[in-house]
Each structure stands twice: as C-alpha cells, then as structure tokens.
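Each of the two complexes below includes chain A, the first together with chain B, the second together with chain C.
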Partner chain A sequence: MEKPLLEVKDLAVNFKREEGFFKAVEGISFKIWPREVVGLVGESGSGKTAASLSLLNLTSSRGKVGGEVFFDGVNILTLPERKLKKFRGRQIGVIFQEPMTFLNPVLTIGVQIMEPMVEHWKISWGQARERALYLLSEMGIKDSERRMKEYPHQLSGGIRQRVMISMALACSPRLLIADEPTTALDVTLQYQIIELLRRIREKTPMAILLVSHDLEVVRELCDRVMIMYGGRIVETGGIREIFKDPLHPYTRSLVEVSPSFERVAWRLPGEDAPFSYQSNIPAGCRFQHRCSRVSRECKGAEPSLKEIGGKGWIGNSFSFHRQVRCWKYQEGALEKDEKPL
Partner chain B sequence: MILGKRVQKNKIFIFSLVIITGLFLMALFAPHLVSHDPLKTETENWLTPPGPDNWFGTDRLGRDIYSRVVFGSRISLSIGFISAAIMIFTGTLLGALAGYYGGIVDNLIMRLTDIIIVFPVLFLIITLISLFDSGFIHIILIIGFTGWPVVARLVRAEFMSLRERDFVQAIRALGASDLRIITRHILPNALDPIVVAATLSVPAAILAEAGLSFLGLGIPAPVPTWGNILREAHGYFRQAWWYAAFPGAFIFVTVMAFNLLGESLKDLLDS
Partner chain C sequence: MYPFFSRRIFHAIIVLLGVSLLTFVMMNLAPGDPYHLDPELRFNPEAVARWKELRQLDQPLHVQYFSWLKNMLQGDFGISLVHNKPVWELMMERVPATLLLTGTSLLVSLLISIPLGVFSALRKGSFWDQVISSFTLGGVSIPNFWLGMLLILFFSYHFKWLPAAGMRTVGMEFSLLDYLKHLLLPTVVLSVASAAYFIRYVRAGVWEVIQQDYIITARAKGLGDMTILLRHVLRNAALPLITVISLHLPYLFTGAMLTEYVFSWPGMGRWIVSATLSRDYPSVMAINIMVAFLVTLFNLVADLLYASFDPRIKYR
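And now, the complex of A and B:
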C-alpha cells in the first residue's frame, strides 16, 4: 500500500498574546494520501486556517507550532528555515483567500508567477516565462501574453484568483493547500474556480487540502472531510457519509443548514467563538454551550476522537476510519441506522 | 499619466525642481560662468561693493565673491548629494534588516541608532572631525554616517508594517528567500517614503557642511565653499554686507528648494 503523502500528528498552534496563550489548534492528527482531496471545515475562529498554515510553519512570529508534520516521511517542522523553504512552493503550494491583498501591488503578475520557478528550479526567466504562459492559458485566461505585463489592480477578482492558483501550481507541488479559495469571490466566479480546481484535480496527481467554511464547496470537490470546532477535530469521514449521516451535533447542524452555511450562527445559541483563552476553555465537551442535546457527562470530561464503524475507502487504495468526538455517540448507532452508501 | 498630471499642477514641485536644476547647471558649468579666478587675490581691490566688474563685490583679499560662490556650489552640492546617498543607503539597509527580522537584530540596530541620536549631531561631527581631520572625503563620510539613523527608523517602520501584509505571507508560502522578499517585494513598496527622505537629506547635509565650514572645521581654505566664505565674512558684517549676504542667500535658496521639493514630493506620492 502507498504511504501517506502527509501525516500530521498531534498538531498544536498557540499564539502568544498579552492575555496569555491563545490556543488556535489543539492536538489534531490526520493523514493525506497522494491524489486525495480532503476538506477541512469549520467556522471562523475554529482554527482551520491556523492548522493549514502551520503545516509549513507559516504562522506569524508569535505563533508557536507543536506536534509533528511528516511530508513524504520527513518531519518538516524540525527542519531549519533554510531547508523548509525548499518545501514551500515546490512540494507544497498554497492558495489564499483574498487574491487582491495576497498579490504584490507593485510587481506585474508575470514576474510573480515566474519567480517561484526561478527560485526553486534555478531555470532562466525565459524558460519560466514559457511555463507561466502555459499555466495562465490552462487557467482559462485568454490573452496571457498581455496579462503577464499587467499589475494586480488592473485585473478582475476572478483573474486574480486564477493568477494566485497559477503561482501556487508553478512548481508542480505534490500537495496544494487551498485556504478558502472561493470565499472572496461572487457566486458565478466561485463556480468557475471550483470547476477549475476540479479540472486540476483530474489532470494532476496532486493532493489537495481544501480549507473552507462552505460545506457545499467541500462537497463539490472533496473525497473526505474533517470538521473542526474550537481548535479540535470533532468529526471525520467520507464526504457522502458525512452528508448522509452526520454524527456530531455540530456537523448535523452544518449539514442541516447547508447550502447556506452562514446561517449556522443564527441557529446555534451562544457566541461565535465561545472561548479563546486557556482559562475560558470549558471542562468537558467544547460544543456544550451550543449543543441542543447537552447532558451532565458532556460537562465532565472532554470526549476523545473515537474511531467507529468499518474502514472507508477512497478509490480502492486508501482506507480511513470514520471518527467522532461526542459522548452522545453510541457504538452501534451507526450500524443501526446505516443505509448502504 | 495620472501622476504626470498632478506633477504639472503642483507649482511648488516645478518651482523647486527648476531652482535645483539651475543650481546643478551652475555647478556643472562653473568654469564657464565665472568672470574671475576664484582664488586670485587682488589686495588693492579688497571689499569693493557689488558693481559691474564684481557682481557680488570682493572679499577681504580682493577675490571675486561671485566666482567664489559659483565654485563653492560644486563642493556644497557634491557633499550634499554624496552624504545623502550614504545616509539613505546605510539607513535603508539597517532599517530594512531591523524591520524585517525584528527581535535581536532589531534591538541591536535600534540601540545603535539611539546611541547616535542621543548626541547633538553637530557635537558628534565636531568630535569625529577632530579625530580624523577634515578633508572632502572625511566630511562626506562623517556627515553621511551621522545622518542615517533618522532614515533607518523610517525604513524600519515601513518594513515592520509591510512584512505583515498578506502578499508577503503569500510569497513566503511559495518559498521565497529573505533576500528576495526584502529586495524585490518589500523595498519597492517602501520606495515612496525613502525617496522623500532622500530629498530631505540633501539640504540637511548641505547645512551640516556649511555649519562645519563656518566653524572652521570644514573644507580648509582657500578652496571656496559657501560655509567657508561665510566664515571669512565673519567680522566684516558691518563693513561689507555683500560678503556674507550672497553665500548666505545661496545656502538659503538651495536648502529651501530641496525642502520644498521633498514636501511636494510627499504630497504627490501620498495622494
């Protein structure tokens, strides 16, 4: 069996603030196999962006990343910055949410697409130009010769996001981290970018970690999904299982209000990010304040992430377990309600 | 295009640019503009008031003040420009390192700037000159290396804010080296304030040179510089107003023109 491309063990991200440590991510573990598309879903403040950026140790200087991240067997968090740079952009590409602010306003987009290739592959600007033109036309940008000479402010939002994707794909990375790639775009553009990502997914052997608050986008693209709440993974599973039979009360509320996921906050009582600092984290389950089925045991100890059911399969080579972190889940409940997928 | 239009509308910018260009041409073509040898003494003609032969009058040794002022512009302007270049280069380099890396690098560089800034600049320069004795190169180096802390603080502040910007995070995520991030991505975004600082450093350096020469610590006589002539004029203010007035006016106009240029450039780049 193939080895996982990415293996994350007990990842933790703490931000140092004056008030104390802000625990953005606590003890999350997962694997991504080659060619797999995995969704990481959660609301604002759930720690999903911190978790995805910490894989490359890209959190700001005040963020401390703990745990282990194995990429192709190498623990990249222990590497010195100099060696880590060889992974960034070359092995792992990143797409960010807001293409306007994530592009340099004073450089032409051509230069910005060519630069990673010149840096990592040590090729000439002429060769990089060839590939940049190819990438832009792959992204569905017509007139790429002219676009190369334009600055970010001259481009529309959709083209900017395509440019950003071209930059991330320039060095043919083996893993793409897409942090809310469609959130800043309007609905029609969202659809086009999803289509584009789908095409990229089919054409390349690259694995994708799609970070989103939008379960519908995740449903369009992913094989498997991990749901985060309050810095923890609360449920994982195949995309169809999750939609068909959500186990965690939080996932259930997400699925019920999907496609308009923004309304969750309306439905759920309590604040958006109910706890931020170590001292505020409640004993017991983190979802207890907003859960409709909360009981005494939920306030006692925090439930662990339990593996349940049999193995699920992606294609026919990668297996995974479904996991849920909830006291209310009872062994056998899945089997009882289970319908054939 | 848009900037071009705003440049045309900004009269102060054009006015100061014309004056500075004029001063430049004057320094460049000095030998063709003068009527007398600036070093030639004619003691029988000492302290003659301005007239058709000596436009700005003559000094205590009968030298033509007009010719001396014109030649003096060469020294004053070149000291101004070269010292300003040293200030900008050193200040930008150290400010960029401090602002980009932060932490201990920032601490070391900022304490160094603090040490330089706590001394009154003129006293610091005077001390250094008494250590290294005065000469063209020494004056330039000393003015340059005492002037960079202001630029370093400015550039540091720019870099501290720019390094947190999203696009810097994005290229870092694509594996760009620190050198590339600093030189190709952050520096071009910080260029506006640096250009303004450069323009304002020139008059500061010119004034520093004039002050030093006036105190007798600048370029040694008989080479004419504006500050030098002022020093010689000291003591003759009542008998011969022209002796100090003309070099003084040139210092005034030059410094004002550069300051106005800097200010209007700031307005142009900000809007």
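And now, the complex of A and C:
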C-alpha cells in the first residue's frame, strides 16, 4: 500500500495578539496521497491560509505552529530552519491568493521565477532561464522572452497569477499548495486558471492541496474535500458524496447556495467571519450560533470528527473517507429516514 | 526623461533665485555694516562714502541685486569685502574640503546605520534592539559642537592621539595617513547624528518590508536568509531611505559648518561664520547659493537613484 505524501496530525496555529492569543487553527489532521487533489474549503477567516502556511512553518513570527506535519515520512516541523528550507519551493510549492502583493515589486518576474531553481538546483541563471521560458509558455504566456524582463506592475492580473504558478512549479514540487489561486481574479480569468490547473494536474504527477472559499472551484478540480469552519475541520468526503449527500448542517447550507460561498455568510444568522477573537469561540459546537438544528447537547461539549460509513479507496489506500463533526452523527451514521432536511 | 529634467532644472533655478533674493534682503535688513570693523573707515564718513561708491554699495538695493545677479550669471561672484580676493577663488579653496568632510560622513553614517538598522529590525524588541535604540536617541540629541569639543579634549588634548585642527599637518609632506587622522574626529562628530537618524529609518523601513506578502513568497521558495535580505528586503527598504538621505542633506551641511568651525576645518564653515559676522556681502551670497545648489543637485541625484531602484517610477 502506498504511503501518504503528506500526513498532518493535530495541526494548530496560535497567533499572539495584543489582546491575547488566538487559535486560528485547531486539531486539524488529514492525509494527502501522491497525485491526489484535495480541497480545503471554508469561508474567509476560517483559518485556511493559516493552516496551509503552517504546513511549511511560514506563518509570521507571531503565529506559533503546533502538531506534526509528515512529508514523505519526515516530520518537517521539527527540522531546523536550514533543512526545512530544502522542502520549501523544492518539494512543496505554494501559490498565493493575491499575485500583486505576493510578487516582489522591484524584481523582474524572470528573476522571481528563476531564483528557486538557482537556489535549490545550484544551476546557473542561464540554465534557469531556459526552464523559466519553458514554464511561462506552458502557462500559456506568449512572448515569454519579453515578459521575463517585466515587473509585476506591468502585468495583468491573469498573467501575474500564471507567473505565480510558474514560480511555484519551478522546481517540480511533489505537492502544490494553492491558496485561493482564483479568488483575486474576475470570472473569465478564474475559469482560465482552473483550466490551467486542470491541465497541470493531468500532466504532472504532483499532488495538490487546493484552498478555496468557492465550493464550485473545488468541485471542478478536486477528488476529495475538507470543509473548515472556525479553525476546525467539520466534514470531509469525496467530492461527489459531499455534493450529493452533505451531512454537516454547515456543508448542507453551502451546497444549497453553491457556487458562491460568501453569500452563505449573509444567509446564515450570526457573525460574518466565524470568529476573530478567542473569546468569541463558544463552548460546545462552534457552529451552534448559525445552525438550524442546534440542540442542548451542542452547547455542552464540542463534537469530535467522527468517521462515518464504511471504508473506501482513497488514492491507493483503503480507509475511512467520510468524517463529520456534529452531535447528530456521533453514534454513527443516521438512518436515511431519520435524517431531517 | 528629458521633460522631467527640464522641469527639475526650472524648479532649481526658481529655488536658487529665491535663496539669493532672501539672502540679499536678510543681509541688508540685519543691523551692522561691512566697514564698522575697519578703524580707518569707522569714524570717517567721507572715506565710507568713497569706499561704498567704489563697491557700488551706494546704489539702490534693487539695482545692487540685479547687478549682482547679472555678474553671477557670468560666473563673477564679486570681490570679498574682507579678503580683497575674488569670492570664486575663496570658494574653490573651501568647497572641496567641505565636500570631503560631508561625503565621508555620509558614507560612514550609512555604513554604520544600514547594518545596525537591519539588525534592529530583524530582532525587533530584543535586548540589542533596545540598546541600539537608546544609542540612536542619544545620537540625535547630542549637540554637534559639544561632542566635538569633548572629543578634542580627550583625544587631542589629553591623550594627544589625534590632531585637533586643520586638514593636514602644516609643513609636512602629503601623506594619506595624516589626512585620515585629521579627518577622523570631525567625521565622527558629523556622523553620529546622521547615523542615529538613519538607523531609525532603516529599522522602520526594513520592519515594514519584512511584513510584506512578497517576503512570505520568498520564504516559501526556500531561499537562504541572506538572499532574502539582500535581494528582497534591502532593495525595497532602500527606496524610502534614499528620500530620507536627500531630505537630510541640508542638515548634514549645516552640521558640517558647525563641525568645521570647532575643528578649524578649512571648508566653508569658518568662512560662513566670519563672512556673516563681518557682513562680507558677496561671500555670504555666494556661500548660500553654493549650498542651495549642492542640495538641489543631490536631490536630483536622489531622484535618479530612486528611479533606478523602483521600476514603478517613470519620470516624464
């Protein structure tokens, strides 16, 4: 049986703030197998970026990362910074949400694409240049020679995101973390980038963790999806099951109003962003203020992430693939006829 | 690029004219006159009248100003009322010394402030950051001349390690070491305040840059710390620093004047004090124009540097 490429155990991110600490991410565990495309979905502020950056210990100095992250069997969070650097950019590439602010304004995009290759492969800039040109044309950028000499502000949003992707793919990483790769773009560009990611997915043996607040984007690309709410994973499952048969009340409301996620926040009662202060996090289920099925037990203790149904194939491994964090499912899956909604 | 230059040069001309007019008016409004120090002229109204006539100081003020302007445009800054020498010659004897002192001080203060400022920003809040911060506070508060006299007292008078005055030992053959020895104390005095001032801006600038999203990208690529610092952080942090330096230049010049006075440095510092006290009108005019010219020139250089660092800036 194939081993998971990435195994995350009990990941936590704790931000130090003026008013105290804030646990943006708590108790997240998941696995990604080689060549798998997994979605991480949640509304903005739910901790997706914190979770994905913490995998490489990239949160700012104020964010303390806890838990274990095994990449190909190595617990990378315990590595000294010097060794962790060998994973960043080389084994794991990252695409960020906002290509404008995540590209250095005073360096040409050529330099920014070439530098990880020069760093990790110890090749010359000339050799790196050839591959950079190749990557850019793979990303559908015409006139890549000229583009290499341009600066981020001279490019359109779509091209900037393609540059970002070329940068992340420069060293052919085995895992790509894409943090909202389409969110900053308008609809037609979103579609083009999704198509591009789909092509990359088919061409390379790379696994992808696709972070998005847009369930529709995830549906286009992913095999499996994890739903996040208030720093917790509340449901996981295969993409088709999630859409056909959502279990968690939060997922249900998402699927009902899909594609756009942000609208959910408007439809559900309660605050816009799940929580932004530690003191806002309630005892018991974190979703209780917005849940239509809330009952007394929900306010007592927090439900755990419970495995539902039988085992199935995930990638090449046979294991549980459906999990949900809700009191209504704590005793195993409900019978079909018992299920309200 | 060319329209930008012509606009800047046009601005510079306006500034220089303004400075000259202001200096002229202020000098003539200030009490005192150029001849009250001369015992022969002082109590002899006829001699004064002849003296004034000879130098055309009897003319109405606006006539005086325009004739000064006309001569200046032809490169003639007049004759010093005190030294009886062309002002231009006096200037050429002194400007290089001042430029040497300010240039060295600028260089030294940058060499000190960039590493310390970067270190402070990267270790913000640490013990050493606090030590550096208190030094910068001290550095900007110490008066120039006081520090100068203190250093002279210790290093020249007490320990006799370093010369207290001048640019080289009189009567000695040229030697670089001798020059450097003379340069050391005035440079220290002049650099302390500038370095302290720059450290604060470097620290603030670097701190600002390392919060930026593109630094996360650089880290996510697995680049080495030095590469991130040199390629990604410093290039961006240099931008505000260039502006700060160009804004600081006038203060550096003023500081240089005081320091030169304390160290008898043969630059413009002593000259400007004596020329002002003795109401040597042509000299005062020329010095002010010169300083204004140098400051404008360096500001222009700063703008060009800025553009070469920041691809988003295009001068039109």
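In this text, the second predicted complex is superposed on the first by the 314 of 341 C-alpha atoms of A that agree within 3 Å, B and C clash if a C-alpha of one lies under 4 Å from a C-alpha of the other, contacts with A are read in each partner's own complex, and residues count from 1 in each chain.
By definition in this document, contacts are C-beta pairs under 8 Å (C-beta built on N, C-alpha and C of every residue); 3 or more make two chains touch, one makes a residue touch a chain.
Being a predicted model, the structure only gives us computed values, none of them experimental.
After superposition onto chain A, the modelled positions of chain B and chain C overlap sterically. Once chain A of one complex is fitted onto chain A of the other, the partner contacts of A:G47 are absent, as it touches neither chain B nor chain C.
After overlaying the two complexes on the shared chain, residue contacts for A:T101 are found with chain B and with chain C alike. Of the two partner chains, chain B and chain C are each touched by A:M167. When the shared chain is aligned, chain B and chain C each come close enough to touch A:R90.
Using the contact criterion defined above for the overlaid structures, shared-chain residue A:Y151 touches chain C, although it does not reach chain B.
By the document's definition of touching, both partners, chain B and chain C, reach A:P116.
Applying the stated contact rule after C-alpha superposition, one finds that A:P4 touches neither chain B nor chain C. For chain C, the stretch among 27-35, 63-71 or 225-233 that collides with chain B in the superposed model is 225-233.
On chain A, the patch touched by chain B and the patch touched by chain C overlap at residues 53, 56, 58, 60, 85-90, 93-94, 96, 98, 101-107, 112, 115-116, 119-120, 167.
Contacts from chain C toward chain A in the complex involve residues 211-214, 216-224, 227, 231-232, 235-236, 239, 309-312. Residue ranges of chain A in contact with chain C, taken from their complex: 53, 56, 58, 60, 85-90, 93-94, 96, 98, 101-108, 111-112, 115-116, 119-120, 151, 153, 167. Here chain A touches chain B in the complex through residues 53, 56, 58, 60-61, 85-90, 93-94, 96, 98, 101-107, 112, 115-116, 119-120, 164, 167-168, 170, going by the rule given at the top. Chain B meets chain A in the complex at residues 102-103, 164-167, 169-177, 180, 184-185, 188-189.
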